Structure formats: structure tokens, C-alpha cells
Amino acid sequence: MSDTAMTAQPADPELHPKGVVSHQTSTGISNEKLAMWLFLGSDCLLFGALISTYLLLRHRSVTGPGPEDVFDIPFTSVSSFVLLFSSLTMAMAVGAIHRGEERRCRTFLVTTAMLGALFIAGQVYEFTSFVKEGLGYTTNIFGSAFYTLTGFHGVHVSVGIVFLLGLVIMSLRGNLGPERAETVEIFGLYWHFVDIVWILIFTVVYLIP
Amino acid sequence: MSVQTEPRGAAGPAEHDHEAHQKAHPTDRDYIVIAVVLGIITLLEVGTYFIEDASTTFLVATLFPMMIAKFLAVCGWFMHLRYDNPIFRRVFTFGLVLAIVVFVATLTSMEYWSDVYPRGM
Amino acid sequence: MAIVESPTTPLELSPGAARVRRPLGGFTRPTATTGWKSWLFTVDHKKIGIMYGAASLFFFLIGGIEAVLIRLQLAAPGQKLYSADLYNQLFTMHGVTMIFLVIMPMGAAFMNYLIPLQIGARDVAFPRLNAFSFWCFLAGGIMLNTSWFLGGGPDGGWFAYAPNTGVTFSPGHGMDFYAVGLQIVGLASLVAAVNLITTVLNMRAPGMTMMKVPVFTWMSLVTQMLLLFSLPVISVALFLLTFDRLWDANFFNVAAGADPLLWEHLFWIFGHPEVYIIILPAFGIASEIIPVFSRKPIFGYPFMVFSGIAIAFMGFGVWAHHMFASGMGPLSMAAFSLSTMFIAVPTGVKILNWMATMWGGKLRFTTPMLFAIGLVTMFTIGGLSGVTHSIAPSDTQQTDTYYIVAHFHYVIFGGAFLGFLGAFYFWWPKAFGYMLDEKLGKWHFWLTLIGFNLTFGPMHILGLQGMPRRMHTYVEGYGFEFWNLVSTIGVFIIAVAMLVFAWNILRSWRAHRANPVDVGPDPWDGRSLEWSVPSPTPAHNFDEIPTVSHLDEFWHRKYQEDEAGKVVRVATGEEVAQKGDGTGVHLPSPSYWPLVLAVGLLLIGYGVIFNLGLAAAGAVVLVLAGFGWGYEPADDPEAHHGPEANGDEPAADGDGAEREPVGVTAGAPESDEKASSDE
Amino acid sequence: MITTGSKWFFGLGIVSLVLAFAYGWTTGGNGLGPLTVGYKGGVGDHFGYGLLLTAALVSIFLGVVATAARDADAEAVAQVAGTETVPPVVPAGASYWPPVAAFGVALVVVGLVTEAILFVAGLVVIGVVLVEWTVQTWADRATGDPEVNRRIRNRIMAPIEYPAAAALTLAVLAVALSRVFLALSAEAAVWVALGVGVVIVGVGFFIASRPRISPNVVVGLLVAGAVIAIGVGVAAGVAGTREFEEHEGDHGAEEGALPAPLAAPVTVEVGS
Amino acid sequence: MQSRPERPARPATSSRLRRGRLALVLPLTLLLSACASYAPQDTLRPKGPFARAIDNLWDGVFAIAVVVFFFVQLGTLFIIIRFRRRHGDDELPSQTHGNPRLEIAWTLLPAVILAVVAFFTLRTLFDIKEVDEDDLTIRVVGQQWWWEYQYDTNGDGTFGEGDVVTANDLVIPAGVDVHLEVTSNDVIHSFWIPSLNGKMDAVPGRVHPLMINADEPGTYVGQCTEFCGLSHAYMRQRVIALPMDEFEAWLEAQQEDAEMPDPDEDPEAFAGAELFTTQCSGCHLARGINDEEFEAQGNGEELLVARNAPDLTHFASRGTFAGATFDLWVDADGDEIVEADEIGGELNRAELEAWLRNPPEQKPMAADHVPEGGDDRVRGMPNFNLQEDQIDQLVAFLATLD
């Protein structure tokens, strides 16, 4: 949704490697990027509410199992690394497209998507094993709170992956040139946000009992 | 629209743009360096798990700074908050700080930090 | 499956193919400019604003009928016109309808219509998202109200305290409708918040610094900020409730260890900012109307702006004053009691500044002005009772009595609603090109004022006498009889007043049709930019985007200092107004997708309650619409809106709209994300 | 007003609708149940009924869209083609849907005698073919220009295919890999996950650092990766999961019992 | 603690005097009191130190509010009259844009006023919230839609077996602080006796302290004020304050078990008791009558902590029944009995019979329909379709339970 279309001449990547950020707005920043940041600011409250709900409820279960019984910290650590590095590859993709390297961008987008998928696979594994260990969604209050919090995060990641692959398809069709760099960048913001939410969850939910 | 005749709004878009260009965006190398640093911090974080009988106080004291450092690194570099237009930073920081303040107040009001708060399992 | 058919061809029509007369591809875009289709698929902020207004008036009728039924039951002690169950549904739906489907969209109506006009833009930042917000809101409203026919309305009160709203204690589907319906309405507001904030920040006319933005737009910006940051919290609360009710989660299951206060906090963290969401647009309206009819600039513009911001800020820190009896510790009570009290300070600044604006003016008592003065005086009464609630110890006596009911009707009806009624009269000529009858308008005002005070004034006394709220009936002998009867009589006067309003609309329209009188662009001697365009506002708003150098820009074009330093009229409104010639303007094109997306959400809504298969169908529609939306350019470059002029100025609407080049697939991620990632 | 292009959808919709009602009644529905989506009376088998109803709704929806878009409307056709006369209908070209459909049917048959999952898979394949083939046929007849027809098809199908494909990719990977982790011991799972992650990052950087690498190699790598993931996933699925130790969870307490909250150990006493 | 307003009770007359003074100053108050001939739930007529502390605070705040009210209303009226545009006056008024000094002044002034209010608020708040657990402690349990009161008579610090359990009428000694532990058995309710203290929510899973103190013996009415479902309007309560010695006697009497009516002396009551044992043991306990059956019905230990239905052991010693909705005893004219010592007058036979005939008709309850899905919890008392003679027998029996 870039504004570039409105410029009569196609952006010249040489002159303006960032692609053309709209100069028509009062603040000089593009509507789309501002909108994404507003959305992320709002999402802070969403995850804030979910995390505090989890904190309040995790130790209140009347029946087991509790967090200590099921958590598998080594595995979750790997998941954290995976997501962390997906942020790196995402940033690389954004950098690449800003320089006009479409192919490199595409490569990193695919890599990011694959890492995201690996993360989701880890989550599916984690959930399945928890259920097998006796912690269902309705088993106790910890279960409800845990699955809801991490599930919301997982949904954010999954939606991100679907869009990532959408970007890849666009790129394959030649529609993701440097003039659309901002699209990639805006998507990147979303992806990094999902990563920082996980940074919080990893510490607050998993590492601090 | 290629010819920009009217300066739009007050902020003088050109200035911002200028500013943005002065603080150059990080390079790929920067990204990799940051990722490695983040990885190391994460390793340290995971390390605390292997410390036996670590008290919660200790964990909070060690893990929170690391968490915040990671958080800021991703926001600042990967999300370009350090370089980009300050409006973004304000919007996001506002949401973040508001969330922290509001929910810490909620937890406090629900006696979460005190001994009264029941801990079942 | 053919995901990538041939990697090099773009998905859409290539420039070559686009040269055919209409790039219809699979879908022709809607193009109608008149008739119902022009409304259904519109992305024009003015049409959307009008639809918001119409919908909110319609829901006001429903909510008002519910109120009348409530009052009938309470007219005398011991009445059993209907069952306790039905009564509980009535007041719950009354509260929900009035708050979420009347006052909020009424605010949205004026914001949509006016913000672009006041800041000198051609549309909002994302016109299609704007349309989506409206349809999504309407979907939520329909969803909530159909609960009456699908097993009964929600019955847990508008703040729905758990665990009374869990399946155990509210086994019907009513509360499901509440949880899901409000979720959808909330999504609509969240999307609108992102959209309108972007609009105000980014689309101001050249020269319009933030401190030259009209007060109404400022208050709207603050309101949208409040929405942006408070809605996610109620979203979470509603999700938890939904999961509890539909999928047996344990969030509010006390037997499993839950703490019901969690719901109270989550609800009110949203709920209190919500009340300022309700009032701030009306404050903005009063700040527009009063200067015009006092013929003076607003007194202390910076103070007005900053007090609005201060109210919003503080509004996030007081939510637990609704919970003074909930069993929080005394320290929490003290903290929230203090923070609440001090909200009176910035609010007082507003009241006193309005009085100061009128002071020394030449007041014209037109209907809008009467309503604005009504707001100032009546809101003060409600605000003062609010301050008495903020005194935590005495609130433990007052909470959940009719004293509270009196408070919030005074601030909402006497504050926000009177303001909006004034706004209808004030901007009606701008939107429709004819004035509402002044004489009937005055009848409307006085009947409303009398009826309103008669209805809600006695509730103060009832509350202090100890009448709890939400009672389906009360017994004789507690001193409640007389004032309840008075209150019930009052509501009929309000009803008559509203009928006068309806009659006024109808009559004025008929008179206008029989004998059209041109009201001109500036019937009231207005101050802000919306008065500088013809009435009714042409589709493209401004022929030419104005360059702004003052607060009250339009006024300054009419009045200037003469040599002696005295301010005199130098031009009439007609002379300096724009002519409404849209040559060369290219507007965002209408689209099906916002409507389809909202329908998808509606299906999902019913689906999660009744049949997951239906929800799946809804999800398919949703995804289809989302991606279809993404692939569709916001601006159909081939569309003909108005006289299509010189090709070298294709972006005269540069301020408009989400712009996408032909055949750009990129829109998908962001636009859709907002819709789906928040689920 | 009903255009040629939409007839098919309306037909399909009505047939599905009738089928849904019939199914709803025959599988144990009563009263007005199936007609009122279960509001007045019961519906028999919810799943099948829901599926058929969904199919009906989607078809009718597509029909409405097609009508609204005036597809295959002679005038629109002329417009698109930019001709003055209505173009002749060109016979449809070769299609690869029939063999796929046959494959689906085969799966169904095989599934009937062996695994239920194959049966379902077959049904899904048939369903997909149904939709794709329908749209294909319809698009082929839309205008006289095959190129335009192809784009019309894409306009409709891309919004469905792309997200579906993306979601499918994600689902396959997630399920396959998670089966692998489940089959391994907890420790091994950690190392394998780490390994997979390193490989992904490594390959990504490798390819990125070689701008001249042939696309075929990249595609080959991707395909190989996918095949390995799915293959190992299937193998792991067949091998089953490792032993899990179940933790004490008082499942009995969930059902039936009166909530007796005061008996619960968690109680807050405030203010004292 | 030290600043808690006069305790024990100030005589009621002084409060009336003060109110009179107030009414002179505040016409609105006059309006209020003039119209409320008899409003037993009036929040402005405190009958105990806690409520009085709140009322004192309210008086001050109300006075301030009235001043501001008149300032704004009269000010606006003045402006409207003074500055209205005369006919044909087309002059522009002078264009003042503001006056920062003035504005700062009217920012600061309310802030200062409120700071003063805040000071008194906090003082009162911490006073009335101070809890002394050494005082007589009673557990108050909200139920849909009635209140249960548990007295820790055996002094083991818990409430249950061996303690006094009653409903509807909360009996306390007059003139001393009483510490209530407010909680709930199902949804959120709110305990409120306006003349004794503000509200306290009864939240399931939480126990909240509330102090009350009645100046004088007497009956104080109140009502559940948190919306709690169908019969929220019928969830009333009363506090009966007795002189200390009477209270002690009452408590002693309550600890006794009920006695089976003598089949010879009172065959009707005996038949009622038998019927009660078979029909009603699923929910009600009358200690000494149906203990075994009650437990056999699956009402185990935990239900003894908070029962699903009122304990009827000393049913006839109460003044009201069914969530204090109906009077159990009436005076000779059939009117409500307000003075505690008159309980035992005339049995309100009509309403008690009506209750047994069809409870959900007397008071909306979700007792007959068992909700689909969810929890099959019965809320309220179902209709047993009793015969008229059975009802007579039951009433006769219930009347013996004093």
C-alpha cells in the first residue's frame, strides 16, 4: 500500500534507494507506516492484558499440572533462538529490498517464513506434549491462561507467515521491487513486534517460575 | 504530483527526510552483530535455568535487565526506531509505557506482589 | 494448485491490457454515484458519516424504547409488566445499545463527516478501511440486536461482571451475543481509530500546524487515541469470556481458582476511558458552536486543547473508581479516589472557558447554541455528582444506586447527547443543503431539557434514599414511589421531544423540496474550513486544498483588521467560499470489499455461537475479501469520477486516500492484518 | 439479471442447500431444525450439515458476486474485448483437472477400504477440483480472449489460492516437524530443532550470498527440503510418539460437581 | 483509629439537629428530606459511627458541589441575559483570545479545593476501613438470592459444624463494632445496610472485611446491590441489633438443636416434620430433625460451610424469610414488624403458604429449568406441587422451629 504510485515518475532507486516515502503528508511519513505503528502501540495493550492475566492466574489452579510439571525449557529456548534469528533474516530482507536486491530479499523472506514455520512446529509440539502430559485447555486455570497467551502469540506468528508467503509470491511475480520497499519494511515491523512479544513471554512465562 | 509545490503541513517534511538520511540505516553487518549479541544474551538467559535453587529475586534481577536489553535492541535497530521519525517512537512508547503502568497498577491493586495473594499450585 | 502459474506475469492486468476501456477482470468495480449502490459501496467519508448518524439514530430509537419499557415497569411499586428475566435483558441491552450503538457511532458520524473538512483534506487516510469500520460496526449492532430473536438478549448488565455472566449463571445465548457482538463493534472502532489518527496527523492542509487544528478535530484525535489504547483491553476481556462460555476455559471459574476481580479490572480499564470517549467529541462540538454564536474566538484555545489531553491521560488512571465496593484494599481505594477527583480540574477548565467565551460576546440563541449551553450546564451537574462519587467512602454508599444512574445520564444525555443534538442542527445544512426549522428546534430543545431533568433529576433523590439500580421492581414503603413516577412521566416528555425532532427533519425536508432555498456555504457565519465549501458538501470537498495560516482560517478570510486595528468584516462567506467545481479531482473508488469483509465477520460471529461450520464459511469470505481488497487498487485509475481532466495532475487528491498503483498486490498485508490479526 | 456465469453457482448452491436440508433431516433432525439452522428443532449430524450448508452459502455468494460483476454478460464481454460485436465463445482448452479429479476419486475408494484419512483426503481433493474446475470453466467462457480469461480466473482464485497455499505450507511444515519432535526423546527433539533452525538460516544465508546461483538449484533445495520434511514427518507419525508421563490432574472435578468455591484453597482475604 | 468519629454512638437527636442546620444552608437537602417521609434505606440518615463518618464527609463535599453548581448555573444565566445580542446589533464584540492568568487561576482553585477534600477523604477512608479482628466476627455469605450468616460460636476460628448458621436477619449486639467477613457462594453480591456502613461486595473466592456498628437496638434494612441475576431485586437483608445481654441469650438459643414435634401433642407438625425429612433434605438442614438425611443426600462437608439453601433449624426465630423478601411475623394488623423484640407475633401464614405452594412464582428463581450444557446447578427453590394439607403440615412444623 505504498504511496509511490502517486508519483508520476517511477522512483529512481539510484537517487532514492529507500524508495519514495510520501512527501505529501503533513508529517512527511507515510500513512501506511504510521498506521502500522499505531496498531503496534495498540497491540501492546492487548498483550499487556494477556500477560497480566496469565501472571495472575498461573499459580491459582486448584488441580495440577502446573507450569513446573510441563515446561521444557531447553526446547523453548531453541524456539526463542529460532524466532530471534527470524528477526535477523527479516531485517536482512528489508535491507536488501531497500538496496533494490529483489532476489536477496526474496531469499530472506523465505528463510524468515521457514523459521516462523519451525517456531510454529515447535509450538504444536509443545502443545501436543503438554496435552499428553495431562494439561488440556480446560484442565485447570493455568492451562486456560497458558494456552490463551501463547496461542494468541502463535496466531500472530501464523498470520505473519501467511503474509510473508504472500510477499514471496508477489516477489516472484515481479511485484516487489524497490519501489515497494516500504511494504516489506512495514511487514517487518509487524514481524519484529511479534518477536519482542516472545522475548517478554520467554522470560516472564518460562524462565521466571 | 512529481512537482512538489506546496510544503504540506507544519512539520516541514523535507527536514524530517533530511534527518532520516543523516542517521544512516544500519547495514547488514550491523544486523548480524546485533543478532549475535541477542543470541548471547539469550544464551545467558537460558543459563539461569541451569542454576539450581535460584531464588525468584535473583532470577528477576538478572533476567529482567537482559529481557529489556533484547527488547530495546530489536526495537531500536531491527525496527529502526532509533533512526526513524520520532512520531513512531512516541506512539509506540506511549502504548508500551501505558500498558506497563496500567497493568502493574492492576496487579498491585489485586495484591499480586503481596503475601496475601494466594498461590495454589 | 496453480499457485504460481507463470512467475513473470503480474497477477493483475498488465498495463497493456489495462488499456481496454474498463479493466474489469473478474470484478467490475462499483461505480454508482446515486441510488442504494452508491451508499453500499461508498468510500466517501461524508456518506459514511451520514450512515453512521442514521444508524445511531435508529439504534437510539431502539435503546429509547427499551428505556421507556424500563421506566414503565418502574412507574409504580410492585409492578410486574414483564418478568425479571426480561427486565434484566432490557436494561442490559439498553445500556449496551446506548453506549456502543448510539453515542459512540454518533460521535463517529461527526468525526467522519467533519475531520477531513476541518483539516482541509479530500478524504480520510484509508477510505476503504473507513467503510469497513462502518459496516463492521453495523454488523456488530445487528448481531447484538438479533439476540432478541435468537433466544433472548444478554442479561448480565452492560459491564457484565463475571461469574454472573458465565454459562453456569447465564445459560442462554444472550451473553454470547454480548461477547461476540461487542468484539465486532470494538474491532470497528479500533480500525477507525488507526484510520482517523493517521488522518489527523498526516492529512492536514498546508500550513495547518497542530495548534491551528479546530478544537473538534483535536478532541476527536484525543478520543481516537483513547480508543486505540483502551479497546485491546476489552477485547481481551471479551475473548476470555467467550472462551469460558463457548469452550469451557476457566478464566472466571471460581471453583478452579479464578478471581472475579480480574474481569472488573479488565472491563473498567476500558470502561473508564470509554466514558471520556463518549464525552470528548461533544466537548469538541460545544467548542465549535459556542464561539460561532458568541462571535468570539474560543477562549484559551491552548488550554482547551491541553485540558482535553489531560482528561484523556488521567482517564487511564482512574478505572477502579467503579470498584470502590469491590473489596480492593484501602490503599488502592485511596489512590484511585484521588486520581479521580483531580479529573475535575481539567474538566472545570473547559466549563469555565466556555463561559468565558460567551462572556462579552454577542450571543445568538439559535437551536445549536441552546443545546451547547444545555451541555455546559447539564454536564456540570453530572460532573459534580461524579466528583461526589470519587470520594471513595461516600461512594460505598452511592455505588450501584440510582444516584449513579442519575450521574451517568446527566453526563451522557445532558453532556454528550445534548451536544450531538446541537451538532445535528449546526451541521445539518452543511450535509444536506437545507436548514432544520428553528422554531421546532426550540421546541425540541426545551422539551428535551425539561423531560431530561424530570427523568433523571429525581434519580439523585432515589439513589440517596437507597434505591439500588437494576431492580426489576421495588416494594412500597421505602419512599421510592413518588420520584419513580415523576421519572417515568419525564421520559414521555423526552419521547415527545424526539418526535418533534423527527417531525422537524421531515417537515424541513419537505419544505426544502417544495421550495428549495440555497442556504449558501456559510449559513451561521462559521469559523472553520468546512464552511468554506458549498452546502451540501460536494463529493470532492475542496476544489483546491486551502493553505492555512490561522486557527479559524475561514473566519479570518472574512474578517480582518482595518487600518485602525479594529476587526471588521471584509467579505461574506459566499465571496470567499469555494465554488464546488471538481474539475481535475480524482477520488478514491468505491469498493465491494469492505462490505463483504464485514459480512464475513458477521458470519463468523454467528458461527462461533451456533455452528462452527458457519464460522468457517465466514472465515473463507473474510480471507477472500481481505485478499481481494489487497489486490484492488484503492484508486481505480480507469474510473471516471467527475470531470476527468489533465493527466499531469492525477493526484490532485494527493491527500486522499490509500493510494495504490494499478495492479499492486501489496495492500494485502497491512490492510488485512488489522482485520485478522486482532481476532 | 442472472448472468450465464452465475447460473452454475446458483444451481450448485440450491442443490447443496436441498442436500443440506435432506441430510439434516435424514440424520436425525426434527421439526424446523434444518430449515432454521437448528434454532427451532434439531439438526442431525452437525458436521455434514454444516459442510453442505457452507457449500451452499459459498456457492450462492459466488453467484451473487458473479451477477454483480456482470460476468459473461454479453455487453461486458464486448467491453472487455474492446470489440463492437459480441465475441464468439471459444471452446475450452485442455485442462489438468480431470486427472486430478480421478486421483481424488481413487483416493476415496482406497480410503474406504483402508484408512479413513485417505478417504477424507480424497474428499478434499474432489472438493478442491470442484471449485477450481468450476471457476476454470466459467472463466474460459467469459470472453473471447484466453489471456483475459486467464486473468479473470486469477482475479477470483488468487485471493483464495494464495492464502490457502500459504496456510497449507505452514500447516504441513508445522505438523510434519512437530511429529518428528514428538517421536524423539525430549532431549533429541531439542537438538533436532536446533539443527533444523541452523540449516534454515545457513541455507538462507548461503543462497543470499551467491546472487548468481541458478534458480533451479534453489527450487531443488526447497523441494528437497519439503520432501525431507514431509517424508520424515510421515515416518515419525507412523512411528508414533514417545512415552509421556501424565501429571496428576483431577479431571473428575470438572464435570457435574457443584462448584463449591469456598472449599477451594484459593481465597483472598483483603485488608486485614 | 484515634480520629474515628465519636464512639460509641452519639444520640440520634444531635444528628437530626445537624441535619436541620444543613437543610437551612442547602435547599436541595430540604427537598430531599421533605419528600422522603419514610425512607428506611436512606443513605443520609446514619445510625452508627461508620455510616456517620461517611455522612459527615458527604455533607462537606455536597456543600462544595452545591456552591460550584450555583456558580456555574447562575453564572451562565447571567451571561445569557447580559450578553445576548440585541436586535440589529451587527458589531463584532471584542475579540479576546484568552487570558492565561485567569485560566491558571481557575485551574488552581479547583485543585486546591480538591486537595482539601482529598485530605478528609483519606482520613475517613482509613478510619472506616480499619479492621479489628478481635471484634465479634460473623461470616456473611451471599447466595442467589439470600444471605447466610455464620457465627463462630465454638471459637475454633472456622465456620461450619457446631457454629450458629442463620439467614436473612443478621443479629448483632448494639453499640459495639462487629466485624463481618463478606463472601459469596456463587456470583458477586453486595452487602449493604445504608444506615450502618457503605457497601461491601461479596465476591466468590474472596473474603472481604466490613465493620458495622449500630448505635441503638433496632432493625436496619438493606439490600443486595450488586446485580446478581434474576431475583436481585428480592435479595434483601436486615440487621437486628439487640442489647448485649439479649444478643447473648439469642446466640445461646441458636446453638440448640431443633426438636422433633411430639406426634401426640401436635400431630400436624409431626406430619410436617416427616414430610420435611423426606422432601426437603436435599437442600435444607434442620439440625436435630434431618441431619442424617441431609448428609445422605450428598450434602457433604463442604456444603456445611455454605449451604445451598437456608438453614431452617431456628427458622421461626427470624423475622423474615426468602431473602428477607417476606415478613415471617406480622403485627396484629398484618403489618411488618420493625422492632426485633416483637418477633413472634402473628405468623404470616398467607405468604408462607404461598411460598410453599409455588416458590418461583413468589420470587423469580432459576430453579425449575435445568440449563442445557454448563452446570446443572439449581438456583433457588423449585415447586414441589405440594397438596394443601401437606402445606398446612409443613407450616405447622416450620412454626415450631424457634
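A few points about this structure:
Per-chain residue numbering starts at 1, and chain names A, B, C, D and E are given in the order in which the chains are listed.
We adopt the following convention: contacts are C-beta pairs under 8 Å (C-beta built on N, C-alpha and C of every residue); 3 or more make two chains touch, one makes a residue touch a chain.
Nothing here was measured: the structure is a model prediction, and the numbers come from that model.
Taking the mean of all protein Cα atoms as the centre, the chain whose own Cα mean lies nearest is C.
Placing every chain at the mean of its C-alpha atoms, the farthest one from chain D is found to be E. Comparing the CA-atom centres of all chains against that of chain B, the greatest distance is found for E. Chain centres here are Cα means. That of chain B falls 37 Å from that of chain D. Between the CA-based centres of chain D and chain E the separation comes to 58 Å, rounded to the whole angstrom. One simple way to say how far apart two chains are is to compare their mean CA positions; for chain C and chain E this gives 39 Å. The mean-CA centres of chain A and chain C are about 32 angstrom from one another, to the nearest whole unit.
In chain D, the residues that touch at least two other chains are 162-163, 165, 253, 259-261, 264-271. Multi-chain contact residues, meaning those touching two or more other chains, occur in chain E at positions 129, 186, 204-206, 208, 375, 377.
Those residues of chain A in touch with two or more other chains are numbered 6, 8, 24-27, 29, 34, 38, 41-43, 45, 48-49, 56, 60-64, 74, 77, 81, 85, 92, 138, 140, 163, 166, 169.
On chain C, the positions that touch chain B within their shared complex are 201-202, 204-210, 228-229, 233, 257, 259, 261-262, 265, 269, 316-317, 320, 328-329, 332, 336, 545, 547, 649-651, 654-655.
Residues 1, 6-10, 87, 94-95, 98, 101-102, 105-106, 108-111, 118, 120 of chain B touch chain C in their complex. Across the interface of their complex, chain E is touched by residues 83-85, 88, 155-157, 161, 163-164, 166-171, 254, 257-261, 294-297, 299-303, 325-327, 330, 333-334, 337-338, 341-342, 344-346, 348-349, 351-353, 355-356, 358-365, 373, 376-377, 380-381, 384-385, 387-388, 391-401, 461, 463-474, 477-480, 482-483, 559, 567-569 of chain C. The touching residues of chain D, counted against chain A in their complex, run 162-163, 165-167, 169-170, 173-178, 181-182, 186-187, 189-190, 193-194, 196-197, 200-201, 203-205, 207-208, 211, 218, 222, 241, 244-251, 253-254, 264-266. Of all residues in chain E, only 31-32, 35-44, 51, 53-55, 57-58, 61-62, 65, 68-69, 72-73, 75-76, 79-80, 83-85, 89, 91-100, 102-103, 106-107, 110-111, 114, 117-118, 121-122, 124-126, 128-129, 144, 182, 186-188, 190, 192, 194, 197-201, 203-206, 208, 222-233, 336, 364, 371-375, 377, 379 touch chain C in the complex they form.
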